[in-house]
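A, B, C, D and E label the chains in the order they appear, each numbered from 1.
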Amino acid sequence: MNMETIISIKPLLAVLVSLLVVPILVLSGKRPNVREACTFLAAGIKFLIVLSMVPVILNGTQIVYTIAEVIPGVAIKLRVDSFGMLFALVSSSLWIVTSAYSIGYMRKLKEHSQTRYFCFFALALSATIGVAFSANLLTLYLFYEMLSFATYPLVTHHQDHEARSSGRKYLLYIVGTSIGFVLPAMLISYSLAGTLDFSSQGFLAGTGSKPLIGLLCFMFLFGFAKAAIMPFHSWLPAAMVAPTPVSALLHAVAVVKVGVFCVARVLTGVFGTDLLFSLNLNVPIIYIASFTIMAGSLIALSQDNLKRLLAFSTIAQLSYIVLGIGLLSPKGMTGGMLHIAMHAFGKITLFFCAGAIFVATGKKNISEMIGIGRRMPVTMAAFFIGSLSIIGMPPCGGFISKWYLVLGTLEAHQLPILFVLLTSSLLNAAYFMPFVYKAFFCRPEDAMFESRVQEAPAFCVVPLVITALISVILLFYPQPFLRLAKMMVQSITGV
Amino acid sequence: MSEQYPALLVVVPLLSALVVSIAGWINKRLCFPIAVAALGVAAWSAVGLLLRVLDEGVIVYKLGGWSPPMGIAYYIDYLNGLVLPVVSIVALLNLIANKKGIEQQFPDKIGPFYTLYLLMVTGLLGIVVTGDAFNLYVLLEIAALTGYGLLAMGEERAPLATLNYLYMGTIGACFYLLGVGYLYIVTGSLNMVDIARLLPPLYQSKAVMAAFIICMVGVWLKMAFFPLHAWLPNAYTYANSAASSLIAPLVTKVMIYVMIRLMLTVFTPEFAFTTLAVSNAIVWLAVIAIVMGAVLALAERNLKKMLTYIVVAEVGYMVGGAWLGNRDGMTGAILHIVNDALMTLCVFMVVGNIVYKVKGYAFEDLQGLFRKMPFTMGALVIGAMSIIGVPPTCGFFSKWYLIVGAISAGHYGFMAALIFSSLVSVVLFFRVFEICFYEPFADHHGHDNHPGGMDEAPVSMVVPLLIVAVILIVVGLYTGDIVNHVIQFAIPETMV
Amino acid sequence: MKIIGLIITVVTGALLFYAAGDFPAWSDPASPASTYLSPHFIEKTMEETSVPNIVTAVLADYRSFDTMFETAVIFSAGVVCFFLLRISRREDEEPETRYYRHVLTGVTIQLKEGHKMPPSADFERIDSMWTPPDLIIKTGCRLLIPFVQLFGLYVIAHGHHSPGGGFQGGVILGASVILLAISHDLRTAVRRMSEKLIGILCAAGVLIYACTGALCLLLKLNFLDYSALAGILHVDPITARSHGILMVEIGVGIAVLATMIWIYNNISSAGRYRQGL
Amino acid sequence: MIWPIDLAILTLVVVAAIGALRVKDLLGASILFGSYSFMMCLLWSIMGAVDVAFTEASVGAGVSTVLFVAAVFRTSRRTRD
Amino acid sequence: MTDLISMVVAKYNYWIYITLMMIGLYAIIAKNNLVKKIVGMNIFQTAIILFYVSIGVKKGATIPILEHGHGPDAHHVVHAVDYINPLPHVLMLTAIVVGVATLGVALALAIRVYNNYNTLEEDEILAQIREK
């Protein structure tokens, strides 16, 4: 299938907007209002640029921009296709919301070094969009590493002992795997194929021996440790020491989604479905993902700290996406890609809620939150919606993606996986619903919940309401995400 | 004037060194402007030469008007055309950045310092540009002697460390001289191109093989290639920062250049890789160099010394790359000369700034530096990224070529060593960053006047540093052009 | 360390012995070294440079660029010695009581603080730099030094026709001053040639060399191509080369002379200039 | 050139070199090194390298020895090997 | 056997230079006294100079200064076989000067070391450093 391509600088602009705003943020560090206005402005512009490319993409055209030809056959090159667009749309829209939330959260808690915080946030967003728009493995790797390093100061924002050890763990896993696995795998692929440009059928097809391709496949799969596939997952719970907006955007949306996005990109664009299928590589991928789903969900059950619970939930949910891609069936892949968007809106709502609770009450553990629904009804309602979306029940967007995943398992004749999906949904319900129930219907143990309704600041509450609403809306109007995912699957499989 | 660039390149720094020396006795304030102007001219000529080479190909400059092999000639081809601008620009930026540091450390010896500095640059530029094997030895000695002088002025341990460097450096230079003598005895010529023309029928001669090995050992001694590296860490660590940030980026890299020049021009790649059949062993030696450098760096609790071990490891990168015996490896090695010079400069200049402000470079002295010196530390971050090999900084791309070369040579040990050293670099630098990031800055006098305040080095030190940091990224982005238009032609076509 | 040294030595030696097997026999007129480049130098030097001493011609003309850097090497050694050793702090400059000795009679007088000695050649100061008088050595050296210096000048000037040249002459001239410093004391030598003068002379010597080359550059020929000087010297290009060689030899002589003294001064007094040997 | 003389001087050179390194006094080592240089100078003049011999006589046997002696005076004569 | 003897005799200069070089090299590596090492270094350098000068020697040739340079017989034809190869001499002039320059710097450094540690024995200095 021949894609029409047009050359435009827009993708680069989309990446650069948040990069160029950094100096302005640094300069306006003394005046928080100006600084945050700039953040908003950049987020808005970024979103608009991304949005302006949507119609073009929906027409089946690709946008390409080459920054520099660095190595023969490999350039630092941006290309917007439907899958990248889907991801960029999610992350850029959520940046706006998160910026608003950050302002409320950071100001209320009087956090230190807010300028640094906003700067690296913007940097991380640039990297995320860059990953989304990467046209080849090198560019992907570039932005992937940039994201790793840009998020380090965010993760360790508190600069205390705990942040320090978490930061170490974060770097060890993320950078260690990317340099230890992805870099050599990328270079071996380059010497095999002579190119690194993603193509819809994969560029490794027809090169290399079977064991080598298999080895490469797993090096990539585990190398993108941001995807938190077990056993390379334990950085994610550790990274929860970060301020909640960071956890929300980066560890529920940007960083981990970049991980799975990279895995999906590599599986489809480097290996190609045919190659994976012919070498039966998809089966181990599916089983690894399934194991991660089950294990993550089970561990989440035992967590008391709300953010850690969400972290393990994320680990499980991420593997849904890997699983969807690994099924190699059109429906399954659609479901996997769609889940990036659906899970993003659901999970960010949940994180916002956790943060709002922390801002309003200072509580972190579920056991301390019994009856909190009386004090923060809006927040907890949003939490309920978010958890429905994660469990995959109507009326939330999560239902659609899970539906496609289930269809995909049937299509691929992987009935055990269907069982895994259903069980994990039950487990999801099992760790979310009791909390929601206790929050609303149990008598508060803590006297502070008896008092009248007292929500977190408006800057915190409004964003979470918005994301909760979007989660609902996505069920009824899943466009353009569904369309984008289907287009991508079509270009890969031809169906 | 442009046809005289080759002469200007070397002669202007030499003349200015002499003028600065005289000016040092008369008016010390004249020294710095003269030195900067001279290095500016040198950098200008170097860039001009590179452009001319790109236009016209190899340039031959006959000194004294005698045509080679009677007289001495300069050959500027794609290989040294690339290295010359790097050497001159590194020297220029470092000079500007260290003005304050020099005035702080040697208030009454400014003249001699600049004289030695300029002579050293003269020597290094001459080594790169010359086409005569013996002339190279003389220039090598100039660079070495001035280097000893510059390095010995530092901490208490500096003279002893430098004396050890002097012993090793002299043996190295003498070995090189002996190798040249061996070549002379069998060919009768001293001109590199001429030797290359006369050598092929003699490749089976024991004397030629010995000449090659002796030259290589000599050059390795000078570049501190494992296991001949023992002199380097101490010599560079205890020196003053202006000297170490000139010598650490340039000397080892220029020696790598000499090695590659010997391998490619004087001898042919066929001789080096096929006739001798030692390349595999040398690559394994490079692997050990990289691993040992990384591990020894890990054991240090002192920023500057840690960086010197990284220099040792980087030498392993380049030697290994050059000896992989294929085009990609050689490209990586040549590219890494450029990149490593720049990134070593970057990190050593950072150390210079830290020493200027904090008066120390042990890990304990670094606490809270991110807040205190944000620009300096920002540059350190970029330099570290380059050493680790994170795109788009230039260090990534040379590592790319080196690894691709290792893969196509089937030398997975070398690839593993490169990856290992990247991983260790991550640990090394993030250990430093952690210290700079977390602990509050402890004031030794017990009272902290500006808690959390910024206390950056002077602008004249920070601006060159930031320029270097930007260059690191720009060079990275232009890697494609450098390889396609320059390095590709620097490697003989016979090498695949 | 001794065992490592022995192993390295034996291995290197074995390599060298092995390689020497392929050398042409010693003093073989047919060896490549004797048949490839040197015949040109031997047979054409006179025509091309008009200098009978082939070594001088090759040194200062064919390979004059080497020689310029050789001079620069010695210059940088001087600068390095100064840079490393010279201590210019004068903490204990004037002691409270000073002693002077009347040279002819040997009467020593003591001066308390504040008093000054009128400048006079009859008295010499006794301090840590002072060495006891040794008449035979002093007189002998004083007699010898002019001849040494004359010989040094001759060696420089006659380098075209006989062994010698700038280096040898410069070293001899330098040695004459060192002889003065050894036989008398460092102060006497420094009084004759002050540190500043030496420092400037060092650089000036190399500068003469480099400027000769640069002059050729300005006269539109390559660096150090002395035939360019023909125009300003009003001679033919071949003779101009000969004159050019003389100019650089003088430069070399001055540089070497000054540097040798400089290095000696710094090393013998460990940079304090208070006492020599 | 007369090879017995040549051979004799070569032997002396080696003896002087070993002596300079073995003697347990740095001043003695300096002087022996001077004699080594002087032997070398003789050797080279036998070989016809008059300019080199001249230079070695003035630099190696002359100035170098003086520098050695000066440095030994400024430091110490003591040596253990 | 005669081959071996003739080889030994034909190249005895080379054997001596290698011997001297090895003496110097061993001294640099194995000697403990800094000045002794410098002496070794100089022996090492001189050995190489000896090697070069040996290259230039030519049987039956005289020193490389032309007779009848100027004067009535100035246009006397010069034959290369009559004169010793001058090129190694030129190179070695440079090398000697480099050697004395290195010597000066090395001695200056040794004096600096002595000022700091009051000894020239390397092991004693290292012991002092370790104590600090």
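One rule holds in what follows: a residue touches a chain if its C-beta (ideal position, glycine included) is under 8 Å from a C-beta of that chain, and two chains touch if they have at least 3 such contacts.
Note that the coordinates shown come from a computational prediction; the quantities given were computed from them, not determined experimentally.
Undergrad: Moving only between chains that touch, what is the shortest number of steps from subunit A to subunit C?
TA: 2
Undergrad: Quick one: which chains contact subunit C and subunit D both?
TA: Touching subunit C and subunit D alike, sorted by label: E.
Undergrad: Taking each chain's centre as the mean of its Cα atoms, which chain lies farthest from subunit B?
TA: A
Undergrad: Measuring between mean CA coordinates, which chain is farthest from subunit E?
TA: A
Undergrad: Which chain would you call central, comparing Cα centres to the global Cα centre?
TA: Centroid comparison flags B as closest.
Undergrad: With contacts counted as defined, which of the two, A-B or D-E, has more C-beta pairs across the interface?
TA: Here the pair linked by more C-beta pairs in contact is D-E.
Undergrad: Would you kindly tell me how far, in whole Å, the mean C-alpha position of subunit E lies from that of subunit C?
TA: 19
Undergrad: Cα centroid separation between subunit A and subunit D, in whole Å?
TA: 78
Undergrad: Subunit B to subunit C: how many Å between their CA centres?
TA: Averaging C-alpha atoms per chain gives centres 32 Å apart.
Undergrad: Would you kindly tell me how far, in whole Å, the mean C-alpha position of subunit E lies from that of subunit B?
TA: 29
Undergrad: Give me the residues of subunit A that touch two or more other chains.
TA: none
Undergrad: Of all the residues in subunit E, which ones touch at least 2 other chains?
TA: 12-13, 19, 21, 25, 32, 54-57, 61, 63-65, 87-89, 91, 93-94, 97-98, 100-102, 104-105, 107, 109-112 - these are the residues of subunit E that touch more than one other chain.
Undergrad: So which bits of subunit B are touching at least two other chains?
TA: As it turns out, subunit B has residues touching two or more other chains at 134, 138, 141, 145, 148-149, 152, 159, 184-185, 190.
Undergrad: How do the chains pair up in terms of touching? List each pair.
TA: A-B, B-C, B-E, C-D, C-E, D-E
Undergrad: Which stretch or stretches of subunit E touch subunit C in the complex?
TA: Against subunit C, the touching part of subunit E is residues 7, 10-15, 18-19, 21-22, 25-26, 29-30, 32, 54-61, 63-67, 69-70, 74, 78-83, 85-91, 93-94, 97-98, 100-102, 104-105, 107-109, 111-112, 115.
Undergrad: What does subunit D use to touch subunit C in their complex?
TA: 50-51, 53-55, 58-59, 62-63, 66-67, 69-71, 73-74
Undergrad: Which positions of subunit E touch subunit D when the two form their complex?
TA: 12-13, 16, 19-20, 23-24, 27, 31-33, 35-36, 39-40, 42-43, 46, 49-50, 53-54, 56-57, 61-65, 84, 88-89, 92-93, 96-97, 99-100, 103-104, 107, 110-111, 114, 119-121
Undergrad: Spell out the part of subunit D that touches subunit E in their complex, as residue ranges.
TA: 1, 6-7, 10, 13-14, 17-18, 20-21, 26, 29-30, 33, 36-37, 40, 43-44, 47-52, 55-56, 59-60, 63-64, 67-68, 70-72, 74-76, 78-81
Undergrad: Quick check: in the complex, which residue numbers of subunit B touch subunit A?
TA: Interface residues on the subunit B side: 381, 385, 388-392, 397, 400-401, 403-404, 407-408, 415, 419, 422-423, 426, 430, 434, 437-438, 476-481, 483-484.
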